[in-house]
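This is the structure I have questions about; it appears just below.
Naming follows writing order (A, B and C), and every chain is counted from residue 1.
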Amino acid sequence: MSALGDTREAGGWAAGRAVAWLRARGDQIIVLVVLIAIWQVLSMMLGVYWVSSPWGVLQRFVTGIAGGDLLVQASYTFTEAIIGFLIGAIPAALLPFLLRRWPMAVAILDPVMVGGYGAPKLALAPLFILWFGIGIESKVALVAITVFFIVYFSALAGVRALDHKLVQMAQVLGANEHHVARHIVFPGAVPYIFTGLRIAMPYSIGGAVIAELISANRGLGYLVQLGAMNFDTTGIFTALAMTTCIVFIGNWSVDALERRLLRWRPVSDQKLQAEA
Amino acid sequence: MSTQDAALDLAEAAPVRWRRYGVLIGRVLLIALLLVLWKVGADIAGPLYAADPIKVFQRTVADVQSGTLLRHIYVTLRLSLIGFALACVAGVVLPFVLRRMPRLTAAVEPYIMASVGIPKYALIPLFILYFGIDDAPKLWLIGLLVFYPIFIAVFAGIRNVDRRLINMARVVGAGEFVIAREVIWNSLLPFFFAALKIALPRAISAAIIGEFLVGNEGLGFLIENSRQNFDTVGVFEGIAVATALVLVINALLVALDRRVNAWRPVERHMQL
Amino acid sequence: MNAPLLEVRDLAKRFVGRAGRDQPLWVIKDLTFSVADGEFLTIIGPSGAGKTTLLNMIAQIDVANGGEVIFQSQPAPISDPKALDPGLHCRIGYVTQEDNLLPWRTTLQNVLFPLEVQGRLNDETRKHADMLIRAVGLAGFENHYPHELSGGMRKRASLIRTLVYDPPVILMDEPFGALDAQTRTQLQEDLLRLWNLGRKTIVFVTHDIAEAIALGDRTLVLSRAPAKIAGEHVITIPRPRDIRGIMMHPDFAELYQRIRAQVQ
């Protein structure tokens, strides 16, 4: 086949893929339009009382941000989630490292950890409200305990996944225990810890919101309850939209941090992690 | 074998046995220690903040005898299982239906994935508004929380089916329905079970939290109502029973998984 | 003649059978040889003869079930798992079969790793590392991560990582085994060139008879399990060696035949 024929064939194949991609995007936009249209129709059929109109929600959302109130409430929820996240994640990530040299301790601890992981932590919400009141502390506590067990098991998997060949190599080169922990165990475990962080992130925001639903006077969960009590569905939808936004922001932050710290990963591993 | 060999063998085996007993004893001691700490903590913190474990135990026994605890458990379990069953059916059937419509699937997929980001629990007040204050809002909540992991798992499982098996089945003349039942379903069973282990405990959690906000029965009601009455013993009782319930169900699921998927290693830990 | 730098006497290693069902297998028994200072010793053995195990024991990664390893006239504690000192205080370098580069460090960071760990990182050692990187043709790849390098490049990085801190003895476990013929020849030449600069003592294990002859001053042949030294051959081909043309040398064919007969 002539050179010209080759390029034309290759070009045709590439063009085919581009067309397929465009077609998929087009379909998705159509679906989006259809969804919003259905929403609008429902709103008109059932009345704004039951289903607020897309436009109404958008308006309230924008004024909420511009006026600042929505952002302020969002910041309360976000703060509860972040603080709880850090308080839960940091000890959970460190514990497997500290216990690395004592596998017996890890084994002894295991039933307690598995029990804690499996127990419905959200059921503790009323207890924490009892202990800490309806302020920020009860929400932080709930988020922290939820995040702790998730990150613990991920970090444990990361420490267990240690490649002993690398440890031996480092020892031959003269590394002591401290070097091994810092240069071999820890970097190797970081990808696993990030899996745990990624899973825990939505739980942290969800936990904060749930605690707010039960009892609070600030935050997005509170706004949702307020909207429900005042039969203000627009308020509910706006708060929900905002909550979804901060979940996305949270996920994006963890992903961005992970991409920055894990540049060394082979690309196929990165893709697998992203899909996990 | 020579005596030297025998001695070497013994030297290598001894630490392992020792370790196993040590772990068992350690675990028992740890549980005992936690119970002691609980008692001490309760004494220090006072009856308002922490319930004495002995009192919690007594109350649990009394409630079992009077039947109220069993009623609460029944209510919560029934709710969870109904919601679970409904969502499970939807979560399993939908991917099979979508499988035959790849263009629709590609168009809808990003929105489904985006909707995963909406915290479902935040929808409870909306559900209460729409569906009243009976079981319905709770069922919707449970349904949503169960639907997503099942749907995603079955969907991914179907995608991952070995095409060659499907082709082989077509070659020997199997119709679409038979292919779905024989090849696809069996291939995705492990994925499905992994999702089950996530979804069933979630269903119970969802029922409990729904009961925090709505209704007058169930473990969640027990916990929250006790809190509002400053009945700390009741709060602890509810939490303890709820935890035990979830752990038992998870153990049952692990055992079931082991039987059904005997050829695959079982993930012992619960996944979220 | 000085005392040999490294001596191995009656070394023995066994693998325990599973759960006491199989008989324990003596992988190495009565293995004795010595290495002189500045010598390039090659060891040939069929796969599974315990070559890696032997090097592991000398490097003190694995415990021995009998015999002695004497380094610089001092016996090393090889039978006590708790007393093992991998690398014998950085005096025994070990280039393993897998490159074992740290995936989260760049090439340069990997090469500098032993210096960091030994507290010897300074301008002079950094310059030495740069020189080695250039010597094996990795210039320009200092800031690449291992997954961005080819197999041959990773091998080179792993090689100079050991060379950078100058241990008196270097053990090498089939370092070029997984590479294609071209890269292998290139690396063999690089290795000999670098060895010439410092005349280190090298113990190089391989299953390739031609490689053993091309590189070594002396070649030992390992028998099958339980492995011991089946034969010793002095390589009479003078240095500097021409790797690409080694097979043309008059002594090559006879050496090859003799060694091959013993390997069977």
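In this text, contacts are C-beta pairs under 8 Å (C-beta built on N, C-alpha and C of every residue); 3 or more make two chains touch, one makes a residue touch a chain.
Just so we're clear, the structure is a prediction, and the values are computed from it rather than from any experiment.
Of all chains displayed, A has the C-alpha centre closest to the centre of the whole protein C-alpha set.
Set against the C-alpha centre of subunit A, every other chain centre is closer than that of C. Centre-to-centre spacing of subunit A and subunit B amounts to 20 Å, using the average Cα coordinate of each chain.
Our note on geometry: subunit B versus subunit C, Cα centroid distance of 53 Å, whole angstroms.
Our note on geometry: subunit A versus subunit C, Cα centroid distance of 48 Å, whole angstroms.
Across the complex, subunit A meets subunit B through its residues 24, 27-28, 30-32, 35, 50, 104-105, 107-112, 114-115, 117-120, 122-127, 129-131, 150, 153, 199, 202-203, 205-206, 209-210, 213-214, 220-221, 224-225, 227-228, 231, 233, 236, 239-240, 243-244, 247-248, 251.
Taken together, the subunit C residues at the contact with subunit A in this complex read 59, 61, 86-87, 89-90, 92-94, 96, 98, 100, 102-105, 113-114, 117-118, 145-147, 161-162, 165.
Those residues of subunit B lying in contact with subunit A across their complex are 19, 22-23, 26-27, 30-31, 34, 49, 103, 106-108, 110-111, 117-126, 128-130, 201, 204-205, 208-209, 212-213, 219-220, 223-224, 226-227, 230, 232, 235-236, 238-239, 242-243, 246-247, 250, 268-270, 272. Those residues of subunit A lying in contact with subunit C across their complex are 165-166, 168-176, 179, 183-184, 187-188, 190, 262-267.
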